[in-house]
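See the structures that follow.
Look for chain A in each of the two complexes below; its partner is chain B in the first and chain C in the second.
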Partner chain A sequence: MAIEEKDNLVFLEDEMKKSYLSYAMSVIVSRALPDARDGLKPVQRRILYAMTELGLLPNRPYRKSARVTGEVLGKLHPHGDMAVYDALVRMAQDFSLRHPLIDGQGNFGSVDGDPPAAMRYTEVRLAPLSNELLNDLDKDTVDFIPNFDNSLKEPVVLPARFPNLLINGASGIAVGMTTNIPPHNLAEVTDACIAMINNPGITCDEILQFVKGPDFPTGGIILESENLKKAYEEGRGKITLRGKSSIEREDGRERIIIEEIPYQVNKTTLIEKIADLAHEEKIKGIKTIRDESDRTGIRIVIEVSRVFTSEIILNQLYKHTPLQTTFGIILLAIVNGKPEQLSLAKAIKYYLEHRREVLIRRTRYLLDKEEKKAHILEGLKKALSRID
Partner chain B sequence: MRLQRLTSIEREKVDKDHKDSVKNIEEFKAILASDTKIWGIIKDELKEVKEKYANPRRTKIEEGELEGLEFKPEDLIEKEDVVITITYNGYIKYTPLRAYTRQQRGGKGMSGISLGKGDVAKNLILCNTHSTLLFFTNSGKVHAIKVYEIPQKGRGERGRAIVNFVQLGEDKTAATITIDDIFDSNKFLLMVTKKGMVKKTSLKQFSNLKRTGIIAIKLKEKDELVKVLLSSGEDDLILSTKKGMSIKFSEKDVRPMGRASTGVKGMRLSTDDEVVDAVLVEDEADLFTITTKGYGKRTPLSSYRKIRRGGRGVKNIKLHPERGEVVATKKVKKDDEIIIITQKGKSIRLWAKNIRQTRRITAGCRIIKSDKNDKVIALA
Partner chain C sequence: MANEYKAEQIKVLKDLEAVKRRPGMYVGSTGPRGLHHLVHEVVDNSIDEVLAGYCNEIKVIIHSDNKVTVSDNGRGIPVDEHPDYKKSALELVMTVLHAGGKFDNKTYRVAGGLHGVGVSVVNALSSYLEATIYRDGKIWRQTYSRGKPTSPVEIVGDIDEGKTGTKITFAPDGEVFESIEFEYDRVARRLRELAFLNAGVSIEIKDERFAREEKFKYEGGIVEFVKHLNKSREVVFPDPIYLQGEKGDVQAEVAIQYNQSFILDIFAFVNDINTQEGGTHLSGFKAALTRAINDYAKRTENKESILMGEDIREGLTAIINIKMPDPQFEGQTKTRLGNSEVRGIIDSIVYEGLTRYFEENPSTAKVILQKTISASRVRLAAQKARELTRKKEALGGGSMPGKLAACSEDDPEKNEIYIVEGDSAGGSAKQGRDRKFQAILPIKGKIINVEKSHLVKVLSNTEIKAIIAAVGTGIKEEFNILRLRYHKVILMSDADVDGAHIRTLLLTFLYRYMPDLIKQGHVYIAQPPLYKVTNKNKECFLYSDAELNRLREKLKDDKIDVQRYKGLGEMNPEQLWKATMDPQTRTSYRVTIEDAIEANELFSMLMGKDVEPRRKFIEEHATEAELDI
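Now for the complex of A and B:
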């Protein structure tokens, strides 16, 4: 390289630092983490917004997923089509979201881990609950920013009439940080919000009177411990989650019936794991294992041989298979453009502040509109009085 | 706007709309002016969503399962009746009781263990996989292992050496005892030493047992632990010495002590004499005594007079120099079997009833013909 060109030299370290930092920030803020206010990641928000624009309301017919994906890609989200479709599918899965935001028709996958049908086969429309997220979007309640090519505008956040962050949860891996928010019960969380409105200085203990803990769409049993409380206080902690099982006895034979499995556990892999352990004799006393699940629910049957005790086999299953898992709670979300680890109280507080702003803006908008209308009516009144 | 259209508008309707409009404006202004009203609306909207969409909780939260988070080995291991076999050379194994099929009386039996040369089965213990096995060493330490930690072997197999599980070091195993999980029972351990000391300690004191061993009894110089018995707290026991003396006393004479204590005098010994064995007294049972040269006798336990501890005791067996010294004693019933093992690995198995019941002070008869250089070392 010629000496005179030296001025243009860039040190690799500096360039790495600069580029990687901006990449990291981009991933954190506009890809992997949900917003604390509406609990949506950018891709989810764009899908919901695009669907409203397409008029895919709950009372309208379904439309091909491919059209929605295309709309989102072409107008709002300059990324891969599979990323968008996967996000869309997840929002329609009743075993992933406590309250699905999208009403899907077709094969959207199952707890067995089999893949959903391709987007040319499946059809979607908004679920009724999504209305509550999108309501008042047209009333200047939230800011709009230009899309990637400055041809359209998209909302920065949705008005969100219910605290979606806590209700449907979220999980995402950014750079240097991850989030893993479990879903909660809608009634419990709304009660907690109301309690906080009534008493803004409410403590975490008091909130936990309302929110008993996560409420996973797949059911299961949470073993309560101090960790649960700690997780909500600090925004980080581990809880133990177990599948629901019972023991059936019939003329001297015992079988273990598993009716619910922990959240995000793949049923097929669970059964394979149990079968492997039984085969290797790491767990003794399992005669056969059958999957009797049908459309009404999960039912895994484990036949126990006579000389063994079901309770002990069950304990071994808890210990050695994903029938018992730990869920690491990390309540990380974007607040004012920055990632922040939230306590339960803070998560609710940020949501309520957002609602307050939405409400003020909505009222102002309505006031403005109403004032214009009144002005015209006044003019009409004057004109009418002079007509005769 | 054309005049024509203006006229078609109803005046009353305009008036009404205007009034509504003004009312709305006032209301909106009121809302914007009052935080309470804003929060009130937020609450109402939340309640509305809740009413429309809420459904009951699906995930249960179970309380009071704090310790359930970690499993103890007992939670994971099937409780099963097993037979533990310990050989004289220190091999150990357990076999599920199921492996022994029941036979008719008079059957031939099956081999329970394959033995190395000169080895014999010393101990056969019936217990379950959750029991604890205690090994007492001659230096007064006690080691514990759980039965499920012992290798499970089939009926005909040999097992593994005890030293693989228990760090015995230089010590030898003096006694083994099994306990069914519970350490808080009302049982006592009675320890007897070579120099005639006796110590009684509640089992509770042994609740924090370790593999590496803890002290069970503090021994005086040159003393050794010879026997440990599991007692109810109200039993009688008989100590026997090398030189043919025996003493029977009630264990109530021995007050319970802490774990690392020495105990009390159980028997006053003449010079050079030492305690070799001890048994718990049981009605209708006999005391079988064997000497180094293979002479033995069987005498009812009731013919030993009960005295206070610390005495010299009574004569157990008449000894001649050519008949050796007492090696061991055993409580036997008529239908019991006795196994005698010699230093050279010979063993003899015989029915207790084949040995004539005699009075206390006799010399006994020859039980096993031993070579000049051989001697009896153990009894099972």
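Now for the complex of A and C:
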């Protein structure tokens, strides 16, 4: 039967290069890394934009997450539904984002690593802070591009009235590169922005007067400030993060109380790890461990046997369990369509440049509008003057 | 070497017109491959001078107008008159096919451009060519156009008596080649390879278009070649083993190093030609390596060894470099060495050399032994696992994966299997196919990256197991092309970037586990359409943005309806059949390997464990990527 068809050839090497490059670059530029201006990955931006379009404002009732996910999938983001829902959930978690961008109703998971409820159960609306990211979107402040099937338009970046990249941080694994930006304190970063507006040549040391370091939503303590400074200067470095604990004494008994755990540490795994170590007697002197966390916050209680010293046990916990972790800071974000490793100063600078442009465009837009209005009024005046 | 290299040594065999009529036959194709072959041919001429021992410097310049200059400091092509033809030897070499010194065994002991088509072919396929010869204290020049001389052989200047060389500048014929744009990387790669294979020769490349230049000179020769191949891998011992020997006219050298991957890389060169299909030298090397290591194991471990060839070759990187007169090439692409005497020569050089090396370097010998013994353990474990799955499948009745939708025809030659991304596309394909000869195997999501995972883990992966069972040939050493159940293995993934990623993962698996499937041309890539355009009740499928733009221009005023396909699942079965599966109308590409060494490097770089080389590659080529937002 041998079907005759023209024999097109493709070289394995060329095919590999071409396919791999388009995959790698797409993941880098438009999937895994945040934009330096609004600190959002495309999927996050699309979720926020779709939610404003749906009118899910902070003062309106919640709507089912499934509706938002469907809206994002159908209009803007032609990928898997779980990817969209996971991104949506993360933006609502107060232990993942310093200032959640989405106000969630229902189970959105916990520090124990419990999964969120399915999207047919949970409900969402925009958090008040998101308004600040989206504000002025309708005043020609940013560019819009066609969506995947050319039927709608979507913003390439949000106006972003606060420096979201630094405030909420980001983490993402692209191809050949990753990003891991810790969250920061809103007031501190805002002060740093103002300082840079007043003094564009501000040095990293001077910025660090305002920004003391990351501000994790889960609390904790950062050791070694020298490494931190280096990380902010070069955009890359490791810092050591420790949970917050105290020692309670009662009837000559001691117990260690852990009230804050390091960022992105799963509380259940931490407790399991401690229990394992106690069980294997790698750490001696732990009598029991209880998780007394409730709606007021985290509280892990470790009962210490009489003859042992709590401080020593605590040091062993730091060494052998995720009660102390390293956080590898990589300030990598997309600048002008290319990934760039940023220093703290550059991150602020790019943000300020973006704001400047937004303000200029908004002003021009408003002026334009007023001029048109003036033109009509001018006309009306003339018309009126000739009525008689 | 007292033989004179003068006009008498040039023999003429054939006419040049044929080249212009069928360029593909002489340079491979009229695409980029053929274009770059021109440079190779000219450089090979210079390399012949290197092999003869008269040249140690070669320079290649890509000019801004895509002309290329190749110059060397060899003896220079003879310019005196040929006694039989009454023409300058230079003109004969440049204008007559199969004219060259290489057919006279005395002048060149060994030579690479063995078919001797050489530079005359380049001349025939160049709109302009200028040959400058430095010889006997004079500078000679002749110019040509499309193989015909446009000037006589003239003396255009004087030069120091001792200085000799050849300089050839040519502009490829734009009417012959699809594109005359040279790729720097492609040229540089071959030059680097030649520099590795000819230790001590300096080869420079300069690209005037992008102001790039590099100089390749490797005193270490193939030892540095092996290091280069292993640069993105973790090696077992730092310095490659180097063995070398000479018997009769055959010179052979071998460099060996082990790395921690599970990959085997042996490249064998004869007179600088990569013998991709192997041959006597390769089988001699493999046999000797296995014997030498087994004997050493017997001596030191004092027990009967059971190390198989595949254990010994796991993680092996080796270069075999042979220089010999009159190599006989066989096989489909004329890249299998047939000279049977070479087997014995290599065998004894490698066996004796390795045995001595092991005695002198017991610590290196020990790590090699450990590595091969652990490989054999893993192999036995994997074998057991495989046998176990086989038994299980036997019990379950039939060894075919449940998801495979088989075809009804029995003859593998007529049959095709589509490996399809995702169950949703698999459903469309199943309904849209011709069930007589088309089988469908849906693969879920992104399959495991075999470059980063060990054999045992790879073989326990459901998707991989399904592919292996469906294809039927077995893998690695057990591969048997006669058991192939489908002569066309077609990879069909979505026309988006994730589809591209899945394609690379599948190709990596096939290349590492069933390389012969690709080498023998059984692997195809289906091209699903990007757009469906409807205009006045007529439908057509478009495969690229360029096609869409062309159509838009053609139908300027007509209203057209464009649907962008993001996934195969978006298509109706009937559409899928028409656009990608019907042999009459579909577009598919057969995958071939152009350069085994580059392919091999690419796979380790793109898919391997080491991130840094990958990042560098992405940064360098970022602008070439087609983005999908």
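Note that in this section the second predicted complex is superposed on the first by the 378 of 388 C-alpha atoms of A that agree within 3 Å, B and C clash if a C-alpha of one lies under 4 Å from a C-alpha of the other, contacts with A are read in each partner's own complex, and residues count from 1 in each chain.
The criterion applied here is as follows: contacts are C-beta pairs under 8 Å (C-beta built on N, C-alpha and C of every residue); 3 or more make two chains touch, one makes a residue touch a chain.
Everything numeric in this text was worked out from a predicted model, so none of it was measured.
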Which of the two partners, first being chain B and second being chain C, lies in contact with A:L186: first, second, both, or neither?
first
When both complexes are superposed, which of chain B and chain C contacts more residues belonging to chain A?
B
So in the superposed three-chain picture, is A:Y121 touching just chain B, just chain C, both, or none of them (first/second/both/neither)?
neither
Between chain B (first) and chain C (second), which does A:K244 come into contact with in this model arrangement: first, second, both, or neither?
first
Quick one: is A:L384 in contact with chain B, with chain C, with both, or with neither? Answer first, second, both or neither.
first
If you stack the two complexes on chain A, which partner ends up touching A:V175: first (chain B), second (chain C), both, or neither?
second
In the overlay, answer first, second, both or neither for which of chain B and chain C A:I197 touches.
first
Let me test your reading of the model: by the given contact rule, A:F144 touches which partner, first (chain B), second (chain C), both or neither?
neither
Which partner does A:K212 contact after superposing on A: first (chain B), second (chain C), both, neither?
first
In the complex, chain A residues that touch chain B
99, 128-129, 132, 161-162, 185-188, 190-191, 193-194, 197, 212-225, 240-241, 244, 284-285, 307-309, 312, 315-316, 318-319, 352, 355-356, 359-360, 363-364, 366-367, 370-371, 373-374, 377-378, 380-381, 383-384, 387
Would you tell me which residues of chain C are touching chain A in their complex?
33, 413-414, 437, 497-498, 500-501, 503-504, 507, 511, 518, 525, 562-564, 566, 583-584, 586-595, 598-599, 602-603, 606, 611, 614-615, 617-618, 621-622, 624-629
For a test of understanding, state which residues of chain A touch chain C in their complex under the given definition.
1-3, 5, 7-30, 42, 78, 145, 148-150, 175-177, 338
The residues of chain B that touch chain A in their complex are 3, 6-7, 9, 11, 14-15, 17-18, 21-22, 24-25, 28-29, 31-32, 38-39, 41-43, 45-47, 49-50, 52-66, 68-69, 71, 75-80, 98
